[in-house]
Amino acid sequence: MSLSVEIAHRFEGLALDVAFDAPPGVTALIGRSGAGKTTVANVIAGLMRPDRARIALDGAVLVDTAAGLWPPPQARRVGYVFQEARLFPHLSVRQNLLYGARRRGRLREGQAELGPVTDLLGIAALLARRPGALSGGERQRVAIGRALLSGPRLLLLDEPLAALDPARKSEILPYLERLRDQSRLPILYVSHAMEEVARLATTVVALDAGRVVARGSAAEVLSDPGAVPALDPGTAGAVIEAVVEAQEADGLTRLAGAGGTLYLPRLDAAPGARVRLRIEAQDVLIARDRPAGLSALNLLPAQVLSVHPGRGPGALVRLRAGDAILLARVTQRSVAALGLAPGLPVHAVVKSLAVASGNIGTAG
Amino acid sequence: MFAPPSPAEWEILALSLRVGLLAVALALPPALLAAHALARWSFPGKALFNGLVHLPLVLPPVVTGYLLLLAFGPQAPLGQALDAVGLPIAFRWTGAAVAAAVMAFPLMVRAMRLSIEAVDPRLEQAAATLGAGRPAVVLTVTLPLALPGVVAGAILGFAKALGEFGATITFVSNIPGETRTLPLAVYAFLQVPGGEGAATRMVVLAVVLSMGALLVSEWVAARAARRVAGA
Amino acid sequence: QDLTVLAAASLGTALDEIATLWAAETGGTLTLVLAGSSALARQIEAGAPADVFISASPAWMDTVAAAGLVAEGSRSDLLTNSLVVVAGAADAAPLDLADPGALPARIGDGRLSLALIEAVPAGIYARQALANLGLWDAVAPRVVESDNVRAALALVAVGAAPVGIVYASDAVAEPRVAVIAAVPPEAHDPILYPAAAIATGDMAGARAFLTFLQSEAAAAVFRAQGFGLPGG
Amino acid sequence: MFAPPSPAEWEILALSLRVGLLAVALALPPALLAAHALARWSFPGKALFNGLVHLPLVLPPVVTGYLLLLAFGPQAPLGQALDAVGLPIAFRWTGAAVAAAVMAFPLMVRAMRLSIEAVDPRLEQAAATLGAGRPAVVLTVTLPLALPGVVAGAILGFAKALGEFGATITFVSNIPGETRTLPLAVYAFLQVPGGEGAATRMVVLAVVLSMGALLVSEWVAARAARRVAGA
Amino acid sequence: MSLSVEIAHRFEGLALDVAFDAPPGVTALIGRSGAGKTTVANVIAGLMRPDRARIALDGAVLVDTAAGLWPPPQARRVGYVFQEARLFPHLSVRQNLLYGARRRGRLREGQAELGPVTDLLGIAALLARRPGALSGGERQRVAIGRALLSGPRLLLLDEPLAALDPARKSEILPYLERLRDQSRLPILYVSHAMEEVARLATTVVALDAGRVVARGSAAEVLSDPGAVPALDPGTAGAVIEAVVEAQEADGLTRLAGAGGTLYLPRLDAAPGARVRLRIEAQDVLIARDRPAGLSALNLLPAQVLSVHPGRGPGALVRLRAGDAILLARVTQRSVAALGLAPGLPVHAVVKSLAVASGNIGTAG
């Protein structure tokens, strides 16, 4: 299933005018505070009627204001996890979770199962409580569960993990990944956190002041130095795909990708599985010669493709390693010292453990 | 003077209670609907509708009673229709309840409307995205959250029904055992010199009755509020 | 002279006209305060500004007198009234009260409309008369009581009750009802409207006004409204 | 029949308006206080207090009027005290306003209480951490946010004041130009043969007056609500 | 000024029992969702009365439930930025900002100036709006401004930046730093984000299930491998101090610290200023011999202090470089390959640009 969105609306202070396609998988909507991300989500869910909108889900037109087509939210089957949890204060956590399932008759048909969702979100112990007695993070986890259990055919997540601690985040992310991979639901994921985006997103749409400033596959947008200004400079990084070769005895996983062998902390994937890795530009070093006696296990022969000096002292260097593109963020001083120029053969040094587990996902 | 109520007084008391409860039951559904319409819908003529809702409050009660008589009297088509379906209300205690319901209606609507307006529309939005159509949203989110106001409205209506005099006596007259509620009895006592004592007894009974009802209702409302606050 | 007159509300129309005559005669203004006799009597006791009180029942005047508020020797019975049986204008056949079955038959499974039989004078008199005529037990289950005579009359006028007993003075001007019988005056206590000057008011002015009320001009107004005058 | 109001009718209309406005003005401060107390404080005897607040609703209006007469009549100590300070109310239009205020009081409290209860206590907490003491919290956060309910309560009270009959005629009688408000005029017309036409005119005037008041109030309330919703 | 806190309270599901001191500067309260962080903040602000509490501010006892001392919130002068913004919906942004200043008479006395705060938080353009028309991030920024302008003597921030995008975060952090340095207010900062904590916090208190599991200076707690399990494993890192030596022409700043010379992207500090750097363990490589031809500019001679194998394939290596402690996260395979053992002289390789600007602060 894929989603296609066109929205135009004028606010005092913001002229929203966006159009993008979201193929199956996760489309990340990124952009600064006030860029219009929540507004887009509200329009898709049917909560805000804009001046003009056209939304199609898998070819079928869901919304077309020009043709007067504007179904109400309940008819859209769009699961929405809000920036603030919006739990029903008069219902217990269990009743909140089952609310959508009940409304859609999924409970009767046995399609909604509480157990797996509550275990995964770590909320099994909260079922009898009311939302008033939950912490901020607990609330958001319940909200995620509630949307999942309602059987949506499109999922909108508006910064769903912002209030969670890193440990909880890493617990929930694999579930979102599984969801993406198994359900083939299009998921629109609003987030500021690049690790999450890189890990989950198939497609990235970057908004700025109500307009789309970059759009494309996650690999493209996140490793395109030209798109970086729209993003946060500290968050550039390439997304590469690799194949699991073996699980080694000392807890590392050997992968083939990026033109060589990569060693990463144990990945939960069988040999032969394709995974996607986000390698942040600032975690890649460049060596002229293959260095020895270094604690980094991943030394990939590579070639400089281009050098993009930034506004500060840094530069982004695009490298080709095998058929993968890597980004390295180095100082301009190093560019000069190492004489980095297109065509130069070098080694890319990637620490095994610098590829944070938050940046590893199964390929969507 | 504060001897236990006599059988005749018990009869009046029981009748008042019955009338009050039926009045609230009759007024509750349309009051909820009107409150919801005024709080959440927009439709042409809304201001006029709002005015109509308040009418029984503004009109002298006797006028309301007279209009009811014209509409539901034994000769009026509506009254005859009700009679035909076995629900006669003219000169019946059910008619007293109708009069009280009409008089209580604006008070109930106002209270309920305020509570419905105070329900966070973002929760209703959330319910809609989870598949709840408008009626389901109202039943599962709006009304439960507005419960304290609904209870408050019902209480207010019950209290008003207990005190209603003018519309009741004009519409269904004063028939002992059928339509003679507490205020009618009190009025009759006050019309004769020296009737103050008996009237006072009746008033004390009315006060005790309504205080009891209020206590119960406050307790219900507090429970509802606690449910919503969590814990 | 300017006077404040507290009077039973049913006297409103007549007193309005008399106020005009009074103004023409004396140049004085009458402030007419119209309410139920019980309310007015209590208000006088509570110190309401009042020069003249005209009650619809002797009982309430007695109460005021007992409180020492009636000016010495000013009380007199100003008006009388009589009861009539009324029915809807479409059902104007005369009724014979002497026939014990006639009234119950006229009521049928409808209602007999009275004023409050224990509290409002018209209702008290009506019950007394029906009892004395031997009709009360037969009609009692069909009785509906209103808080005043006008309301009792209205029930007949709008057809909610087929028959009612009200003052002749109320029946005269209601086109939707017909008088079908006169209640024999001897069947109930005399219906009297006492008037008196109030001891805390302008007693001289009040006495002058009370005298004026006995004048032929005033009497004509009262008669036109359907009231009777004591002794004629 | 629907000719413009005569001077006499204008007088009654103007008086009713004056009485209604003064009634609301009189009832507003104590109603706000009572509403706040019931919504946010806890104190011993709260249930009893709540019962007292509702009393005028439950009692037959005539009884309320009679009690007022006993308390504030020219002979009563309270009445004499008010007289002494130049604020006589017995048999004055101000007294009619007092009667209407008492009758409107429970309606106003209920509406305001509901709105105050609906104010998010977390906003009041936030105000407290910013240095607002209890009165400041109430004035700068609670009341402004409860404004729709306060307006609703005031309107309800005004409408009730316009329609009040029983307590008024019992307390301050029916003095033309002083205490004869619209419902009392309607009553006077209905007590005499042939007065129905004039009574109907009065009723129509009352309805027009109150509809106007309602429209204005709805507009005010909607504005207040929009302010709170933002934009 | 310093703050001392002791709180005990039993919830269904959580027994809170914490005691800690917060010296001048920023004390970070970290811990998983549901650990009790917000509860602690509520008690300090006076919004929740626990079973038992004793709170002293700079020696003066502010709260002592045992002695019946429980002043109301408005008497505490505790500025509180809530997890949800809690702006007053009926007031404009300007009125919201000045609310506390008004209440405390600071406006009259000219102590509260709107300009600097609104400029800094990027909310000058919003002054006339109402909170209903703000995005989530805009709301939170206004809430921060409102607390600051109320003239508090203690500031509680409950995940104030969680809803902000990285660019906004980095804009606001320096202001919080300045606040910490200039006002000498004790600041209690609840956060999940280690960069923020490392950058701002003087002291760190880690809660788990209602108890304090680690507490001490930020440098200690964050570079103590023993404390890491309580934290997120991916967030270990050392905090070191350094002195600015010079601003170089190519946009780098030269610093002296950690037993050598460090080059970092331009720091906004004059030569001679002391700064604190957080160097994440996963950004440090270890080389047996001084590597050549590498794009990393910072090669610090160091000595292995200890090696702490983790549960997975990684190990944390504590290094002494000069008088600074560094943490490096390497694979156990590299530990074996390089023969890392206490006492071994090595080189620590730190990329200039890996020290993200979010991890650099002025020393408090």
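Order as written gives the chain letters A, B, C, D and E; numbering starts at 1 within each chain.
The rule we apply is simple: a residue touches a chain if its C-beta (ideal position, glycine included) is under 8 Å from a C-beta of that chain, and two chains touch if they have at least 3 such contacts.
Note that the coordinates shown come from a computational prediction; the quantities given were computed from them, not determined experimentally.
Asker: If you check the contacts of chain D and chain E, which chains show up for both?
Answerer: Chains in contact with chain D as well as chain E: not a single one.
Asker: Determine the set of chains touching chain C that also touch chain E.
Answerer: Intersection of chain C and chain E contact lists gives D.
Asker: Let me have the rounded angstrom distance from the C-alpha centre of chain A over to the C-alpha centre of chain B, please.
Answerer: Here the centre of chain B sits 56 Å away from the centre of chain A.
Asker: Whole-Å distance, chain B centre to chain E centre, using C-alpha means?
Answerer: Chain centroid spacing, chain B to chain E, equals 59 Å.
Asker: With chain centres taken as the means of their Cα atoms, state the distance from chain A to chain E in Å.
Answerer: From the centre of chain A to the centre of chain E is 26 Å.
Asker: Going by the contact rule already set, what residues in chain C reach two or more other chains?
Answerer: 36
Asker: Can you list every residue of chain B that touches 2 or more other chains, as numbers and ranges?
Answerer: Within chain B, residues 62, 187, 190 contact more than one other chain.
Asker: Listing for chain A: what residues touch at least two other chains?
Answerer: 84, 129, 133
Asker: Identify every two-chain combination in which the chains touch.
Answerer: In this structure, the chains touch in these pairs: A-B, A-E, B-C, B-D, C-D, D-E.
Asker: What does chain D use to touch chain E in their complex?
Answerer: 122-123, 125-134, 136-137, 140-141, 144-145, 147, 227-231
Asker: Which chain D residues qualify as touching chain B in the complex?
Answerer: Contacts found on chain D: 47-48, 50-51, 54-55, 57-63, 66, 106-107, 110-111, 113-115, 117-118, 148-149, 152, 156, 159-160, 162-163, 165-166, 182-183, 186-187, 190, 199, 203, 206-207, 210-211, 214-215, 218, 225.
Asker: Which stretch or stretches of chain A touch chain E in the complex?
Answerer: So the residues of chain A in touch with chain E come to 11-13, 31-34, 38, 83-84, 125, 129, 133, 135-138, 141, 159, 162-168, 170, 192, 194, 232, 234-235, 250-252, 263, 265-266, 282-283, 285-289, 291-297, 312-314, 328-334, 338, 340, 349, 351-354, 356-358.
Asker: Which positions of chain E touch chain D when the two form their complex?
Answerer: 45-47, 72-74, 76-80, 82, 84, 86, 88-91, 99-100, 103-104, 129-134, 146-147, 150
Asker: For chain B, which residues count as touching chain C in their complex?
Answerer: 62, 66, 69-70, 73-75, 90-91, 169-170, 172-175, 187-193, 195
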